[in-house]
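Before any comments, here is the structure.
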Amino acid sequence: MSELHGFLPPFTPSGHSAIIPEMPWYYSGTLLTVEYRTDPANVRALLPADIDLAPEDPGAVALIWADWQSCSEGGAELLDPIRSQYLEAFVVVRCAYEGVTYSRCVAIWVTKDFAIARGWFQGYPKKLGSAHVTRIFNRGKASPRLEAGAKLGATLSAYDHRLASAIVTLREPVEKNGFVNGHPMLHNRWMPSIERGKGMTMDQLITMGGVDADLGQAWKGDAELILADSQWDELASILPVKEIIAGYYREVGVTFAGGTLIADRSQPI
Amino acid sequence: MSELHGFLPPFTPSGHSAIIPEMPWYYSGTLLTVEYRTDPANVRALLPADIDLAPEDPGAVALIWADWQSCSEGGAELLDPIRSQYLEAFVVVRCAYEGVTYSRCVAIWVTKDFAIARGWFQGYPKKLGSAHVTRIFNRGKASPRLEAGAKLGATLSAYDHRLASAIVTLREPVEKNGFVNGHPMLHNRWMPSIERGKGMTMDQLITMGGVDADLGQAWKGDAELILADSQWDELASILPVKEIIAGYYREVGVTFAGGTLIADRSQPI
Amino acid sequence: MSELHGFLPPFTPSGHSAIIPEMPWYYSGTLLTVEYRTDPANVRALLPADIDLAPEDPGAVALIWADWQSCSEGGAELLDPIRSQYLEAFVVVRCAYEGVTYSRCVAIWVTKDFAIARGWFQGYPKKLGSAHVTRIFNRGKASPRLEAGAKLGATLSAYDHRLASAIVTLREPVEKNGFVNGHPMLHNRWMPSIERGKGMTMDQLITMGGVDADLGQAWKGDAELILADSQWDELASILPVKEIIAGYYREVGVTFAGGTLIADRSQPI
Amino acid sequence: MSELHGFLPPFTPSGHSAIIPEMPWYYSGTLLTVEYRTDPANVRALLPADIDLAPEDPGAVALIWADWQSCSEGGAELLDPIRSQYLEAFVVVRCAYEGVTYSRCVAIWVTKDFAIARGWFQGYPKKLGSAHVTRIFNRGKASPRLEAGAKLGATLSAYDHRLASAIVTLREPVEKNGFVNGHPMLHNRWMPSIERGKGMTMDQLITMGGVDADLGQAWKGDAELILADSQWDELASILPVKEIIAGYYREVGVTFAGGTLIADRSQPI
């Protein structure tokens, strides 16, 4: 584009209107995770045909609430905080492709449009939703402290339907906040042809992940989780809870600076 | 995809989770339009290099507020109306490509995620925004009637910044509700490579438009329009008002059933 | 107040900051109503001790969705429509006081703060909620028409919990859009003492109603209604549906210009 | 009320529907404060006739952003965090009554209905608004740390009009996070008669304040502040900035357990 600038549209001469600016993108926040097992057939049913179940514990699922502040280079978003803060709730499974184990996001709801845009670029199947997580403050009686016995609630709804409610009770410091979301992501980037019934214009398999992880102390604990469906969203029906593994909490920082193309089946249609 | 269904992700066996279902998509609603002229150089600066200014009145701009109810085949969205109703405010200019005059949307804000998804598929540079338009009811003192002298307000904000405020005073029935948005749309569908700095994976020029237009009586009138910028959105600076042309109001129905690929410069990157 | 102006706080010299301006308040909009019967004991349990059940059909309940545009004298709100448009869903029962039959709102959720403020003044127990109702447009395929067979959906949620979902199928024009909300309202205006445990500073029984009703054609039809509770709101548990009476739709205009004090038990505490 | 329960309406047999439960109410959160001076005549113009300017520094104003998590006894709200978290931005001045110096809130915007309800009970002139404040996380590059040089942004808008934008740059730990909001509050509780033009049914002067303060380290720094008006809200016009005093940040916990009636001029009208 001769004189138009921006990372994603709208493009303008200054580039300031772009829904998201150039990478890298920086994230600071907290992760509340509930890991559970569903029947591996449920995970299999959500994977494209050329992607396999993970070799170990293939029915493991992570439902993760992230309470983020994020910005691009220079940090301008931080000073107009409505543009930098958002929450997301996302569902991750593991899978395998050509012998390598990956994590894969199969559903995700976020609270801001810039997060939708970043996600579509990254192959996350993002929608808008309303997500909330108990915060940990250090003062007063309206907050748990980061200690054994702390109870944290988390909820998700979309189109005014409550889809998930979780309670995690922290028990002890641990090394990692779960294992399901611990691999590089394997995502598809799909965009159908503008011509009806023609198939996929963009059809890519990519991998990506964060860099520069800056990790706080992880905590593990018990978890309760209630899932539901609506006419517009499937959660209880497609990934029902068979057995809770654990709940986790961790403060984290991470940077996203791009991914890697694995396979391209895009067609000029 | 073997057994996954849906028009846009997320894909599931049932297809019910897709952020939008298959076309056709049906729309019923109202359009409030303010047409004005800016310096043609401002329009030129927003067009890719291979797209030309329109041959006549090249500085004409339309800022349109649409108050929509929409659904797909079967109309299930209409019975959970939070899933069918949304507003949008969008900026249209005209342009020319290989000798044909088109309309082109250069900025657009919508209130729901399904509308963002449809727009990204169609090459509309959609963001979330907060849009409002005075409604015309037939009863009581808190509404204009559809008649000469009726005053209709319309506003747009994004990230808590007011970007546009308009007042249209209807004067007389006319044949058309403006001319700027009257051609087939010429849009680009762009998606950068997941690999940083590599260029555009998807880079298409497409044309599209509604079919089955079901048009109410158009009204024309006077218009006032105030535009502003924020750190995240440009409107006053990129398309300043030089001269108001007119304001318009019309109730409309339309169907979208796909478009046509004009040029494809996508690369497997 | 010497030089402070406004109908409700905040008060300023100009009065412009008041959350609501002086009466009269004008309303234009649509009402979608589902009337049903619950056990009269459920209604009785929601009435203060000095208010009786209505003598006829005492278990009748109306759940009403109103899709309003409203303004005060001069209509300034209509030109900044975010300040004039709101939805509300409210539950009305009938009751008797000193031999007179009244309507009484026992629960109500609205979408804007100015509507909360008007309601608190009027003795409506208003909360914020998310309410949606199918709209009737005259063009296109994404809207019912105002005719036999039209299906209208309506929903209510609060704090991300879906509390009510209704579908009304219009069957025939009728004279009235229900009978439960057809009497003057009998409301309490309560405000506890700022001193803990001291009782009610303001404790009034008042009656009020709209004037200058400007009524469109009423329609009657079948109705389906699903109610739910959350931790914060009771609907299914306190007024369960025993038998649906009917659904109704009507476009209406009305003016509110004040009410009448019936009894005052306020105490200077 | 015989068998109806709840602190504020709606009242039900269980009391669970009340928009707010009984005191005490607990708060944990952060306060970002900008203190500045305006012409004392501007403060005088916002005080009722029987309330005087504070004897010292009478033109001092505090604009405070609070990012709260709050709950009542038992803490049930913390596990459905949408019901416990909210932000507010409020404007405090000082005043004097019968020789005692008080703080007084003259404008306040909050993000949830339960906060409106608590405020109306306490004499805060609450409205809904959209408030945002930069958060301080301990990990990653998308957050300042609690240290000299940290930059925190804060914004307020209502009805899609941006009313205030602030940037505070922390410089050093200090003993107190400002002085304007440091006295017991002197508030009026006003409710007009339901009968038009009759005056105030409830007209009380009360004082109140938090107890059990649990204070984090206060920080002081530089501040920039931009105020604006809209048709519905006055800020720039009624309390213009003459001179910035300082910006402050502090994590705090506090409990509210009721106030004290000072004067009652309520009338049974």
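Order of writing sets the labels: A, B, C and D. Residues in every chain begin at 1.
Definition applied: a contact is a pair of C-beta atoms (placed from the backbone, for glycine too) under 8 Å apart; a residue touches a chain by one contact, two chains touch by 3 or more.
Worth saying up front: this structure is predicted, and the values here are computed from it rather than measured.
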Numbering shared by both copies at the chain B-chain A contact, with half separating same from different: same
Equivalent-chain rotation between chain D and chain A, CA atoms, steps of 5 degrees: 180
Centre-of-Cα separation between chain C and chain B, whole angstrom: 35
Distance between chain centroids, defined by C-alpha means - chain C, chain D (Å): 29
Contacts with 2+ other chains: residues of chain B: 80, 82, 130, 132, 155, 160
Complex contact set, residues of chain B against chain D: 130, 132, 155, 157, 160-162
Partner chain C, residues of chain D touching it in the complex: 1-4, 7-14, 16-17, 19, 23, 45-46, 48-49, 76, 80, 82-83, 106-108, 112-113, 116, 120-123, 125, 127-128, 159-160, 188-197, 201-202, 204, 206, 208, 231-234, 238, 257-261, 264, 266, 268-269
Footprint of chain D on chain A - complex, ascending: 26-30, 68-71, 75, 78-82, 84-85, 130, 132-135, 137-144, 151, 153-155, 165, 167, 212, 214-216, 251-255
